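Residue numbering begins at 1 within each chain, and the chains themselves are lettered A, B, C and D in the order written.
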Amino acid sequence: MGNFAFDKELAKRLLAEFTGTAIVLTLGCCFAKGGGGYDTRHIQSSLTWGLAYLTAIQIFAMLSGAHLNPAVSGTATIVGIMEWQMMLWYMLAQLLGAMAGIALTFAVLQSSKSLCLSGTDVKLHVMSIELLATFFLLLAYCAAWDTRSEGAYETLSLRIGFIFTGLSFATYPTTGCHLNFFRTFAAAVVNGSWGIIWPYLVAHAAAAAAAGCIWRFLFAEEAPEPMA
Amino acid sequence: MGNFAFDKELAKRLLAEFTGTAIVLTLGCCFAKGGGGYDTRHIQSSLTWGLAYLTAIQIFAMLSGAHLNPAVSGTATIVGIMEWQMMLWYMLAQLLGAMAGIALTFAVLQSSKSLCLSGTDVKLHVMSIELLATFFLLLAYCAAWDTRSEGAYETLSLRIGFIFTGLSFATYPTTGCHLNFFRTFAAAVVNGSWGIIWPYLVAHAAAAAAAGCIWRFLFAEEAPEPMA
Amino acid sequence: MGNFAFDKELAKRLLAEFTGTAIVLTLGCCFAKGGGGYDTRHIQSSLTWGLAYLTAIQIFAMLSGAHLNPAVSGTATIVGIMEWQMMLWYMLAQLLGAMAGIALTFAVLQSSKSLCLSGTDVKLHVMSIELLATFFLLLAYCAAWDTRSEGAYETLSLRIGFIFTGLSFATYPTTGCHLNFFRTFAAAVVNGSWGIIWPYLVAHAAAAAAAGCIWRFLFAEEAPEPMA
Amino acid sequence: MGNFAFDKELAKRLLAEFTGTAIVLTLGCCFAKGGGGYDTRHIQSSLTWGLAYLTAIQIFAMLSGAHLNPAVSGTATIVGIMEWQMMLWYMLAQLLGAMAGIALTFAVLQSSKSLCLSGTDVKLHVMSIELLATFFLLLAYCAAWDTRSEGAYETLSLRIGFIFTGLSFATYPTTGCHLNFFRTFAAAVVNGSWGIIWPYLVAHAAAAAAAGCIWRFLFAEEAPEPMA
């Protein structure tokens, strides 16, 4: 694995990714069960998920970069600020964090009824919309990582949180605005709805590839250096 | 064209304007079809459009300044931070981006029913309100560009995004809060409602002229230097 | 008037206060007529007024400090960052701006029906609540002006805008959340409801005196220097 | 008490904690009585409490750090940035501030009907959810205090305010989202509902212990120095 070693610093990063993803899943997917009709649910859910990301990014941005999402780690690897071995470790920590978040909520609420329910039938245009929204989110991460905005991390949590909220306002009625494969996976595990997995996986993978390549080859100023 | 040349840096800027305008149009105009009654639609639409600008400005502010709006580029030219040739290139990129955003959404949703619908009859006071709101938005850009706030770009996306949301809260019931001629043009193309074009065009052009002149001759500290 | 002179710099400041107050009144008081029942009106009105202040502060903070409110200028004079002559000029510009904002809206909407309506009967506890909310708002300005937060002006518009929104969420049902005497005066002029004037005037004056004195004598680090 | 002395600087800090906690309780707990059904109450209450913290943190962050919450002071002591004697003084000031906030509101509104009402029955899973949400909030404070984010205080009020709002969006329907023992105590005093005290006290104390220990022993970069 070359100059890549599992040390205390990496352990801290992975613990941050694990805990951060668990926080997002717990807050967003599992507590967001407020009553009310469709209208306020749309507004409330978009704000809840966006502010859940805001919370986790505020806590963990300085420790691990607060990816909290396999598509974000994938894009970071493509644009060249992350080694592929660390990407795999990050994804593993995120997957375990997502599972821990669900397990915790299940233990606390003692009910899985409509937990993390994915609201819509899956059709081709659902996949397209999820792809576009994830692509826009990943471009926002690319801009934040760019060497030209180096140092501007103080308000990263506010910006990503409200961008997520905005994407959810626009796409929630059609796709539920997942934008994170492990959130989809969590919904599938809890509701046994495995049919929803593939469209989201394809959409998120394609969005990560597209955003990473477009930023690296069209928008980046110079070749960035690996983070490790 | 004097010292103005089409080079790689300009191509990057134009691609940024193109993609950014497409993102705003796709998120704001075309996905914002949430159900519900008039009340929540007003709140939801204002937040969706404002956060769509937030998203695109977060991504592209460092690449092209994220004008995304012909009135913004026009005002920039009047206050003296942009050459007129570049203004024309920016406007062309924005127009193509707006068309691409609609085409993409049309392809994805496979329905143009009430897509980008402009909600109101066009009367004289609609034009006046759109003029005022656009004028206020352009003054906010002028303040952000001013030499006295140089460097304060980290939170530009948050500030412009929430200003757009605020203007939309105030003016959405009357005018739909376009503030961007290519968004009006998009609505006209999709719905064949060409009658709405002229009042918005006049309002936006007048607002750009007024904001640019007022900032340049009344508020600016010193003669700014061209950006190119 | 000692070392105080009416020069070009002061004219620029007064024009900024005039225009800024007009923008706030136009956006907040006069456009905020969205339909819907009481619930959404409460949320929408609080966001509209808060984001109206955000807009005007983003534009004019660098030019005049964006007081836009006689209580803010009064408090600034008490804590010692403003000369009393300039305070009077600022208040005059704000009053004219408020009147211009109403006149403009009246001309545009061609209807004064329920324009700037003050929603409640005036009782003693209404005055108390308005006094408390204005006091909290003015303390936030004092903290922003304090020498210890010097330079932190980039996000001033976001912070004051959302503080105004929060105060309005808490107090709108009781008092309409004016917090600005010229907004009260505007409502009285348009609706002929002069009975509402005095409680608000007393509340705002008392809040300015209390906030200014508490900050200057209890919380300030050292004697600040006049701004002029 | 070693090098710890009650001086003017400490008096200023305690006055700030006292006033700040009173402001939060007055704005959040006691004014938040807007009408309307359950749906908008959920959204409105979450925004009101979050923006109440935003207001108080904007005012007092530079004076006392704006803890405003015994769990925050407890966590600060565990992570090592506060001496335990000062923690006790802070908690006393916060308790008196919370009582003053209620007394003030009671005097102003002249009605304690459903004042600060705690919305739900207390069950084991309510305690668990309150523990988790408080734990997440305290981690956000730990990250803000960390030496690696030193200096990034300008937007602290915005970040904590919106994190509180997000936690409330997620947990309000179940627990009322207290996250602050003196807010619970206030509700108990006003409504005589002493049965709600213990679950919240246990949840907040456990969250403070967990967040403090996890940050200090797992995430902190180096041994921080005491603040005094």
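Here, a contact is a pair of C-beta atoms (placed from the backbone, for glycine too) under 8 Å apart; a residue touches a chain by one contact, two chains touch by 3 or more.
Since we're looking at a predicted model, the values are computed, not measured.
The chains touching subunit C as well as subunit D do not exist; no chain touches both. Homomeric contact subunit A/subunit B is classed as different-residue, with under half of its interface positions used by both copies. Using the average of C-alpha coordinates as each chain's centre, C ends up farthest from subunit A. Rounded to whole angstrom, the centroid-to-centroid distance between subunit B and subunit D, based on C-alpha atoms, equals 40 Å. Taking each chain's centre as the average of its CA atoms, subunit A and subunit D sit 29 Å apart. Annotation for subunit A: residues 37, 40, 43, 154-155, 158 touch two or more other chains. Per the touch definition, subunit B reaches subunit A in the complex via residues 12, 15-16, 19, 23, 26-28, 31-37, 39-40, 43-44, 47-48, 50-52, 54-55, 58-63, 104, 107-110, 153-155, 157-158, 161. On subunit B, the positions that touch subunit C within their shared complex are 37-40, 42-43, 125, 128-129, 132-133, 136, 139-140, 142-144, 146, 148-149, 152, 154-155, 158-159, 162-163, 165-167, 169-174, 218-219.
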